[in-house]
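Inspection log for the structure reproduced underneath, given as structure tokens.
For clarity, chains are labelled A, B, C and D in written order, and residue numbers in each chain start from 1.
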Amino acid sequence: MTELKISQGFIAGENEKRADAHRADYAALGEKLARSNIDIDAITAKVADFFVAVPSWGVGTGGTRFARFPGPGEPRHIFDKLEDCSVINELTRATPTVSLHIPWDKADPKELKTKGDALGLGFDAMNSNTFSDTSDQAHSYKFGSLSHVDAATRRQAVDHNIECIEIGRAIGSKALTVWIGDGSNFPGQANFTRQFERYLAAMGDIYKALPDDWRLFTEHKMYEPAFYSTVVQDWGTNYLIAQTLGEKAFCLVDLGHHAPNTNIEMIVARLIQFGKLGGFHFNDSKYGDDDLDAGSVEPYRLFLVFNELVDAEDRGARGFHPAHMIDQSHNVTDPIESLISSANEIRRAYAQALLVDRATLQGYQNDNDALMASETLKRAYRTDVEPILAEARRRHGGAIDPVATYRASGYRAKVAAERPATKGGSGGIV
Amino acid sequence: MTELKISQGFIAGENEKRADAHRADYAALGEKLARSNIDIDAITAKVADFFVAVPSWGVGTGGTRFARFPGPGEPRHIFDKLEDCSVINELTRATPTVSLHIPWDKADPKELKTKGDALGLGFDAMNSNTFSDTSDQAHSYKFGSLSHVDAATRRQAVDHNIECIEIGRAIGSKALTVWIGDGSNFPGQANFTRQFERYLAAMGDIYKALPDDWRLFTEHKMYEPAFYSTVVQDWGTNYLIAQTLGEKAFCLVDLGHHAPNTNIEMIVARLIQFGKLGGFHFNDSKYGDDDLDAGSVEPYRLFLVFNELVDAEDRGARGFHPAHMIDQSHNVTDPIESLISSANEIRRAYAQALLVDRATLQGYQNDNDALMASETLKRAYRTDVEPILAEARRRHGGAIDPVATYRASGYRAKVAAERPATKGGSGGIV
Amino acid sequence: MTELKISQGFIAGENEKRADAHRADYAALGEKLARSNIDIDAITAKVADFFVAVPSWGVGTGGTRFARFPGPGEPRHIFDKLEDCSVINELTRATPTVSLHIPWDKADPKELKTKGDALGLGFDAMNSNTFSDTSDQAHSYKFGSLSHVDAATRRQAVDHNIECIEIGRAIGSKALTVWIGDGSNFPGQANFTRQFERYLAAMGDIYKALPDDWRLFTEHKMYEPAFYSTVVQDWGTNYLIAQTLGEKAFCLVDLGHHAPNTNIEMIVARLIQFGKLGGFHFNDSKYGDDDLDAGSVEPYRLFLVFNELVDAEDRGARGFHPAHMIDQSHNVTDPIESLISSANEIRRAYAQALLVDRATLQGYQNDNDALMASETLKRAYRTDVEPILAEARRRHGGAIDPVATYRASGYRAKVAAERPATKGGSGGIV
Amino acid sequence: MTELKISQGFIAGENEKRADAHRADYAALGEKLARSNIDIDAITAKVADFFVAVPSWGVGTGGTRFARFPGPGEPRHIFDKLEDCSVINELTRATPTVSLHIPWDKADPKELKTKGDALGLGFDAMNSNTFSDTSDQAHSYKFGSLSHVDAATRRQAVDHNIECIEIGRAIGSKALTVWIGDGSNFPGQANFTRQFERYLAAMGDIYKALPDDWRLFTEHKMYEPAFYSTVVQDWGTNYLIAQTLGEKAFCLVDLGHHAPNTNIEMIVARLIQFGKLGGFHFNDSKYGDDDLDAGSVEPYRLFLVFNELVDAEDRGARGFHPAHMIDQSHNVTDPIESLISSANEIRRAYAQALLVDRATLQGYQNDNDALMASETLKRAYRTDVEPILAEARRRHGGAIDPVATYRASGYRAKVAAERPATKGGSGGIV
């Protein structure tokens, strides 16, 4: 049986307070959309069926290389993290799965499964870690992991990924996400070609261990932690990897992992067209891999990404079923609130993209009517779809105003009392 | 017989003035290199055998969207341009071929061939133009060319490219370079996927018309003239094109066509590794497609690109024979001087890359000795190889100091007297 | 008397068709805002009082250094341009002034004034041009203008600016905008310090000629047309200029003139705080100085800029009265439509910023409640204020749907019949 | 008496092995320079007199937010760090001072002074830290320090800076460097203007506590640890700070703290021209604040910065005496080796800049001869000045080949035996 952290009754009570205003807003929006021959309930149903996974590490306060400033009630281990994740799902009904990161989330798979079931949570893609060392490992990743010059180090990294697959199988995951920090800090430090050959060979070994019904996601990133070159630096290299490995290999797009000024939505379109879009790590960024809350800085960009996704869905693009996951670092907010809010923003972009009048858009495109094509997207984007998001939550037991309901629940104070305060400390790195 | 624009005697006379100093410098460098077991003459021979094509449009003064400020003696047509190009080659002995741009350079192929032969010049890759309209064309490229929504416009663009191939065959070219400005200025203006499908189909038609011994180069560019999206926006898309088209299709890398902060040398390495590096458009840039003189702003980057090329040459990378071409816009210099200087800089980077002690480098790489690996590259880069470049020119009839010799020759004043002054004018675009 | 290009009756007729739907939308929004204690009519009144100048050059089709593709009915001279501008103002009631560019718009000031009066248009800031040469000028600006090494060239550029002031005085302008392209394309080409000293001295001469009730706006830009260094490269240098010149000198912010990733709204805040914000050149950009339509690519950024403006207005920031002007290049749209749409987008951002609950925002800021502070901005931004914009236009004689009304008016076809087709041509620059 | 970590005899012995080759190289370069009327010994003397401070934190292995991979012999405290610093100075004779970071380097000032004297080291600028929390502090810097909304937190940050001044006075420092991480991660989180007002007021309090013969350096940075906005985000804001505070306040330029594509050398020129250049944090970067070894990625940029410095020196720019400090993060190298190498690179850029023929350069600039102006810089830059650097070291007791001598000395193995191994650990942040 489920052991919910916030009672359904409490949520219902909070919803009751907001019911009238919500009903009025939903009705008003429904009428407006009806004038454009859009059935609001059909949109609401689609939105309610859209889910995004929460990363286990996202419920802890994040940090930078300069410092980490923890908040009250930081989760101590994966079981605490799962409880926090369940609160997000209870309130949003948008995040029924959690993505684990090994070794941090390592635990008895049976206990993980039992806890997940109790909380109504499933498990999304597994994430391996070969970008930092653990105290018990034989070979250091200081100079690389899957692309290291030393075969034993590569083997260790391969084995770790295979272990992630094994844990994942036991808890019902169906995908492995591989992101590595391998690269170099100096011109000359690494031979780009040999380094990539080693990487591809090691990934081939992991791929061989992948169950038939799994998918393998590789994630590119322009830089950091390596600052001169990175082995999987962009979607071009990521595509070469997926193509080399085989049909179960796909590219993962993190919105913050690109060069300045990059048109990310076009990369999404290309990967869909060539059958290699695996999914997303959602977040927002202004400078680098800032890991800010999704849609907080450039909401129109998020919409444009979803515009590609809905377009692909509509035209039935071959092999199109991307995995959605949030990947953020919550440095100055309550992580639970940021994840609630981000799940909403992601659904918001999806709802807005659903409202695009695609037949009209295509007409303008065929007429080279750039202004009206742009306006067609903007018209959908400008629609305040909050009532749809709220209704999608409400219908499935979630909160009309999830952040306010969360604050009213006193959950943070409760876990702060249970979980000892942690120190952030500082790397002393300048 | 050749009708040289600057007499061999004049060059020899100028060289004579500098002979003693040059001999001393060459000897000193030779001794220094000998201490590292490097035979200077072997390097000089390799450098003398390295060539880069000059673009016909490069000998005219370039401009920006704001203005163009012509200099004296602007070439009036392709025959004037060829004469200017021959001066560059006479002095540098590094640029024996010219790359034509159609329609600007359109002329009777026989006359072109005859003129080229007379000047000792061959013809490099042909360049088509579908990024601007000519007065006599049926369909405008305002909204695209090879990816246009209208089939007739695409057909016109295909036919133009096929015409370029035909002209090229008649004058001895062996490659076609296709760069298009197609893209969009507004989100929604174009459907990325359909646009790229149309592009690939049109390119397929061009590819079919390609002679067996030709190569097809496609060139990517992040932006400009389109400012929201560009069809061939990066090397990832460029690779997809080359792979889709077939084994005669390759990717061209222009050093100024990338996102800010991009590690270009790694893109070069990836394209070589996957057999799809077609060649280069050399220039330098600080901001966008600045088309500055090669090596003028970031000379170490140019060296790092050549470090990849020499590495590939050394290991005998499969299918490795890149085409080298300069593509610059000379807005504030005498274009002939800029091209002389750029050809030198490109050879300089090649010479420096040849000096890298690759066995030692590999040793440091295998030891993860990042500092000494970096230092190994730097040591080669720091070598002042100017005596090698001068000697490579001198041995083949070129000038020890080509810019000074050019200035002394009075060539610019002579053509300024022959060719009427042109107006730059201004687009009135702000 | 005014000679309107589109009759008031026609606009009223078009409005009549949309009256019911508009009334319903305005009422619905009014009710929603009332629930937050916001009086919609007060917002509408403020919006109706917000104006932005149209650039005379904006009504012609723009281009890039590669090509220009004119549309039908291109204006032949400033009088045609003024007619086009009047159409924009008639329909939007947001653009009652025009900003001229000399020498292109040079004409008898009396005729300009008469024409402006007839069309109901005033004149905004004057713009000088020393980034391109005219056929009759003694000294070329190839190597700079106000910062040129040659005193006579600087004097010519100063005189041209003083002439702009004189024309401006005669037609009722109250400001001069100076943007120059001076800079360098090669390291070493210019001595940064001496170049800036010369610039400051020349600007000092212009400043001396400025009438007491005028303002002098200087505009910075990171690069283009100069590609290694630019004299007025960023707001830091721009501030130094305004401070050096005196209290009538202010900094102009063009949204597309910054380094990648720059936080522009913060620059706006700094200039306001230090009393030196002169105003804006509105547009949008993704890569460089793309001159795209305002709000078309990053609408949230435009909102954040207006959030600073409304904040400054609210707190009564000292000396705060920025000038608003559009500066765009319309390459693929009907320029009149783009300017109508852009004026709307700018007012949209202003209206959204007016809706921000600033007391609540400040409360969250004081509590370091980052999430709710962000949400407070977002809530205002998500409001679809189109009914407010339409009502502001309607009340002052403009169109409820200005682009549709413009299209229905047949204005473009009419001027296309009157004005001869122009050729775009191409610079032949690659 | 000094307790040198590597004996002078050992260094002399190592030098002896390289003496002949060095003498030959130095003589050859001397002859070459003499042909250009340059006295090599005068250059060597200037180089020998150029010093750069080493940061105490630079001798520990750095890390990223993902991981830190320590090496053997990590210094345990400031006294270990000083010993490591002294090794760098012994071998390079370029780094006679150390810059401390409080609280990490906090110790009894007398002991610090005594240890410094014993090692032949002085103390450069003091660095405060309000970007991370210490275990004993009353108020957290999670939401800012000197610009925090809470007065008590600001006061605490001010007091900490004043304490840094006091420690500095006791050990002979003459400057305080203030870099803060204050900013925001969400639009709306902070009011830019009020935040900056608070910052200026707090800095005013620190400024008041500054001894008369001290200088105050403020350092700007585009982003990180804050990812939406940063209080001191660029040189424009930095200049406003220095101007507001007074004549003892100056701007510090870190080469990695700028927007992509920024022309840093021009910022340096502007700050010199307006009397506000305080000094440098030298390092190199390709993407963000990468803190790579100086000159390792873009050596020509480092040269162009020094070109400005030597130009200012030559013309006797008012108030010009910049402080030089290295600020790097050594993640994959032995930090001592990286600092030795970086000190060399910095001197290399200085030596090359000294070789620029400034009279000739000015002539080309006055003639707008961009090509030859560029070539004049390049000619100096291409000179392999390693013999000068080696001679400058040798004459003052340093090593001809300092990295090789360091390796031969066995210093790292010795301290590794004395100092316990440390764990890097990982933040678990993705």
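Keep this in mind: a contact is a pair of C-beta atoms (placed from the backbone, for glycine too) under 8 Å apart; a residue touches a chain by one contact, two chains touch by 3 or more.
Chain-to-protein mapping (UniProt): A, B, C, D = L-rhamnose isomerase/sugar isomerase.
Bear in mind the structure is a predicted one, so any value in this text is a computation, not a measurement.
Participant: Measuring between Cα centroids, which chain is at the maximum distance from chain D?
Facilitator: With centres defined by C-alpha atoms, farthest from chain D sits C.
Participant: Given that chain A and chain B are copies and touch, would you call their interface same or different according to whether over half of its residue numbers are shared?
Facilitator: same
Participant: How many angstrom between the C-alpha centroids of chain B and chain A?
Facilitator: Centre separation, chain A to chain B: 43 Å.
Participant: I'd like to verify one number: the distance from the centre of chain B to the centre of chain C, where each centre is the average of its C-alpha atoms, in whole angstrom.
Facilitator: One centre to the other, that is 39 Å.
Participant: Among all residues of chain A, which ones touch two or more of the remaining chains?
Facilitator: In chain A, the residues touching two or more other chains are 142-143, 184-187, 189, 222-223, 228, 260-261, 263, 286-287, 293, 296-297, 300, 332-333, 368, 370-371, 374.
Participant: Which positions of chain B touch chain D when the two form their complex?
Facilitator: 21, 25, 28, 32, 35, 260-261, 263, 286-287, 293, 296-301, 332-334, 337-338, 341, 368, 370-372, 374-375, 378, 381-384, 386, 403
Participant: For chain D, which residues count as touching chain A in their complex?
Facilitator: Its residues touching chain A are 55, 57, 60, 62-69, 101, 104, 127, 129, 131-135, 140-143, 179, 181, 184-187, 189, 222-225, 227-228, 260, 285-288, 290-293, 296-297, 327, 329, 331-333, 423-430.
Participant: Which part of chain D faces chain C closely enough to touch in the complex?
Facilitator: Counting only chain D, the residues touching chain C are 142-143, 149, 184-194, 196-197, 222-223, 228-230, 233-237, 239-240, 258-263, 265-267, 269-270, 272-274, 300, 304, 307-308, 311-312, 317, 361-362, 364-366, 368, 370-371, 373-374, 376-377.
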